[in-house]
Amino acid sequence: MYERLEEITLAEQESTARFSHTVNVCMAAGCMSSRSDAIKDALTKEVEANGLERWCRVRGVGCMGLCAHGPLVSVDTDQSAETLYQYVTPDDAPAIVGALEGPPVERLHCPTNVPFFQRQKKIVLENSGRIDPERVEEYIAADGYTALIKAITEMSPAEVIDEIIASGLRGRGGGGYPTGLKWTTVAKSEGDTKYVICNADEGDPGAFMDRSVLESDPHRILEGMAIAGYAIGAGQGYIYVRGEYPLAVARLKTAIRQARRVNMLGSGIAGTQFAFHVDIRLGAGAFVCGEETALIASIEGKRGQPRPRPPYPAEYGLWGQPTLINNVETLANVAPIIRNGGDWYASLGTAKSKGTKVFALAGSINNTGLIEVPMGTPLREIIYEIGGGVSGGGQCKAIQTGGPSGGCIPAEFLDTPVDYESLAALGSIMGSGGMIVMDESASMVDVARYFMEFCMTESCGRCVPCRVGTVHMHNLLDKFSHHEAAPRDLVLLEKLCDMVRNTSLCGLGQTAPNPVLSTLRYFRHEYIAAITEEAADLYAITPAPPTSRNGATQHAPAQEVAS
Amino acid sequence: MNGKLKLATVWLDGCSGCHMSFLDIDERLLDVAALADLVYSPLVDAKEFPEMVDIALIEGAVSSEDDYHKIRHVRAHTRILVSLGDCAVTANVPAMRNRFKVEEVLDRAYFENATLNQQIPVEVIPPLRKQSIPVHQVVAVDVFVPGCPPSADIIFYAVTELLAGRTPDLRTRTHFGA
Amino acid sequence: MKRPFKTRVRTLKIDGIDVGAREDETILELAQENGIFIPTLCHLEGVHDIGACRLCLVEIKGTSKLLPACMTYAEEGMEVITDSERLTAYRRQVLDLLFSERNHVCAVCVSNGHCELQWLAEKLGISHVGVPYLYPQLPVDASHSFYTLDHNRCVLCARCVRVCDEIEGAHTWDVTGRGVECRVISDLNQPWGTADSCTRCGKCVQVCPTGALFSKGKAVAEMTKRREFLPYLQQMREGRR
Amino acid sequence: MPLRNEKVDPPSDDKRWRIVQATMQRNGFERDGLIETLHTVQESFGFLDDESLRYVAASLNAPLSQVYGVSTFYHLFSLKPAGQHTCVVCLGTACYIKGMPAMLKQIESRYGIKAGETTPDGQLSLLTARCLGACGLAPVAVFDGSIAGKLEMGEAMSRLQEMTEVDHVREA
């Protein structure tokens, strides 16, 4: 069954063997926005102009991670280690091509013997920046689709699920629900038709892991989905991807076409009975559609409003059928787990959080970009070693993880290992992997207000607590950020947080108070400082209640904020 | 001191209906008078709010600068503050202007709907605040008596309970708009 | 081994009372059968539930999550608590939020005295609203020849949307926008009177819990609603299938 | 079986309707293809007007109010034509931290419009995005489709100036 893959791999190796030098240009959205396509054109022209095309090729690859230093170009040769160039412009093409056989261009050289590159452990991103995402041949030459063939020809669906359970993989979309358990539930659910949905509606502001994986290694997702489909008994998959990611959509479309061509998708995959089709569904700009039931409503062409769970999509999902919904990064881990075994994966990470996690570093940090580290890596190592420390010479004040559903972790907890439980204990969440570093100049009240504004505008409007509660919380935070708050506003804010968290219909509302709660927990003094003397004084004027004739006070004192 | 408690009523932005309803207690006013002196009210002559009253019934929303300063003064000199009626409790009809700018409201009243003497008064009439709001959005309120207006029976019940040193339980006896 | 039979009957406890249930019965239905009051607003017998108002949230032993009684089905051994200090506090807050969201001026409402929102406020003991009012700028649509839609009094329970779609089959109503900007609309967000899909049946008006939808010509406190027809219509329709 | 209105005629001879029709065809003229169809209309015509919504509703046999409800639920759909030029500022967390709010305020006051609005002369539409996913380059804005990263206030203002000025020169 592997013959077809070997054939393609051999052909690929043959066709590249004559190249002693390969110039890789990052063609992910970050570098593309700094015109990396023009750089690629310039480099290609330069190579041809010098008649080097016989032994040097220029190709586009996926994200190399260090987005802050983009556009990035790397040069691979037979003899020496990879050379990385940063801040490249089309005008630099002659210099880079001129230096192919000599020492690197000093002016553009980006050292790779630094923690940013050396401390990472790449599983999800193993191909990112190493293969051309628009060519299935390169994915196959990098062991692509072998896991799928292994699953469908050597393993039973139950064995595939067992492997996932053994790996300890947990949902990377935020919740951290054990993936194997989810697969088991859907596999056991009764239904003739089942679906696999890849949740690529990466909505957290400040997170771009999924986009990068889709742009840099789309076949990995297709392979993961097909394996999932085999394991749970589904023949159809949907990728629900943000409409804001046109490049990712285009690459996915190309990948689906190519995968069909090499018979890794479609009917009778690799000569077996197994059939699996994948279609793309475009999101249209609604954060709430990251929630499973809202996402399903959206695929069905409706307003993306969630419904109460249970029943869970595993039982009652897309068009009422059992449906498996996994996030991009979760699915990206599937192929390596099947290829190398669940035990291999479980050997990485901590006791309860296995494997690696991709983080998008952003904010006041030197090395903004994408990293992948083993679970349990301390925040300090991520921020100060891999991330290169706080930018502008400031001090780290807090780290925001988990986006609008997460919280702010103060600098004193920098030694916390990053895993699901540790972050939850600090009042934040792992989330999808956005990590925003804030220096001393950041106001925590403003950050809370920012996220609340986000939740308020993204609330679908179905349930009362989220629809109206977020507006009130936002208005209160606005008062705090303008230093116009009264003490009772703080009481009311905390009450609303509790209510919205416990009574909202879906995850968006239930977690909307998190940024407020975590900043109240660690930076309460910033809220107190925003209370004006006048406002405090205004509500304080309450004389003691009268004493009845027998001298006992029977009246309850005036309530600060009643009911 | 005659040992009676001091009772006041205050009229902010309301239609005076709650005061009318208060008077509708009729002969039972005598029972109230036996327990308390009405020391300040639109219904009596006193011009100054006393140093300290035990119970103040507030009718109306806080709409003007005058209302605002008055209610703060009253709160500082009152032991139990009662929001009487929907205007005090919810801002009710006065708040219906909140969707418009103050200038628009004044234009409507003094120009568009005036046939004679089209001008916005600046003397005597206190300036309007941006919004009409319930009393408890400005100062702490101890007891709420919703209703438009609350019936005489409810008012009598509330006042006598308070005078007897108890907190009246009005929650299921009256409601907004009652 | 496969179980040779399917459990159809469940026994559970609601507020300490032992209750027998069919597996397709919700906690809300069971509570109502047993004379236990659970406040509801978006629930409407005869159309499907959406669990949006959150008033019917109940506590269930063994889970920290509060679940909507209208959409939670009976399960064996369940212990349900329908009334607690915590639940009452949350329910009051929900009503607080609803009153603050739009311009519900009960005193001058056509439904004064016959309004479910007003009634709930009294029942749950709301003496005042604890959050500031939002005072949105909202229109009144009086273009229809029989009825009026006053957005100021709408609680977005979507009963009108569901009854129009599921019972009348016209789907004149839907909701536009999102979050606090949500509004009920007819057809392409056009004046109701010009919505061709409307059959003028008035079901939406009768099921509206507040004075948001009312018959023309009604003055303050004059609008009473009747909705006995709904379970009947639903039964007749099911019978025909 | 409900009536299948596959033969609803497009509102005009405009060739772009064929693309819209093709999208609906691909989804079997089922209602669940509504969002895909709206995407196509938006891409082809730049926005969704009443005419196109009515056409899509009729073709998919979907209630008008549902089509309207869906098209206003999603941020990417616009019911109004965009200005000649667009500027999309990213309000993701990283951009927020790096000073985008101040920049947005400056742009708003310079052009006298709020985010989401178009200048009265139809020259410029100012839009916001939840996150463009280019956080490594924060703060980020998109000027007429081209992304600009690590943006500074002066640069943003001059890019806008250039964009809107070109047309004025052309007109003169």
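Just so it is clear, A, B, C and D label the chains in written order, and each chain counts residues from 1 on its own.
Just so we're on the same page, contacts are C-beta pairs under 8 Å (C-beta built on N, C-alpha and C of every residue); 3 or more make two chains touch, one makes a residue touch a chain.
If you're wondering where the values come from, they're calculated on a predicted model, not measured in any experiment.
Two chains share more touching C-beta pairs than any other pair, namely A-D.
In this assembly, B is the chain whose CA centroid lies farthest from the centroid of chain A. Averaged C-alpha coordinates give centres for chain B and chain D that are 51 Å from one another. In terms of their C-alpha centroids, the spacing between chain B and chain C amounts to 34 Å.
A separation of 25 Å divides the Cα centre of chain A from that of chain D. The multi-chain contact residues of chain C, meaning those touching 2 or more other chains, are 126-129, 132, 175, 177-178. The set of chain D residues that touch two or more partner chains comprises 66, 69, 73. For chain A, the set of residues that touch two or more other chains comprises 286, 303, 458, 460, 562. Those residues of chain A whose C-beta lies close enough to touch chain C in the complex are 286, 288, 303, 307-308, 310, 456-465, 467-472, 475, 492, 495-496, 499, 502-505, 561-563. Here chain D touches chain A in the complex through residues 30-36, 38-39, 66, 69-70, 73-77, 91-94, 96-98, 129-138, 140, 146-149, going by the rule given at the top. By the touch criterion stated above, chain D contacts chain C in their complex at residues 50, 53-54, 63-69, 72-73. Looking at the complex, you find that chain C touches chain A at residues 50-54, 57, 66-68, 71-72, 89-90, 92-94, 96-98, 100-101, 126-132, 134, 155-156, 175, 177-182.
Taken in their complex, chain A has these residues touching chain D: 29-30, 32-34, 67-68, 70, 202-208, 211, 243-245, 281-287, 298-305, 360-364, 368-370, 400, 403, 434, 436, 438, 442, 450-451, 454, 458, 460.
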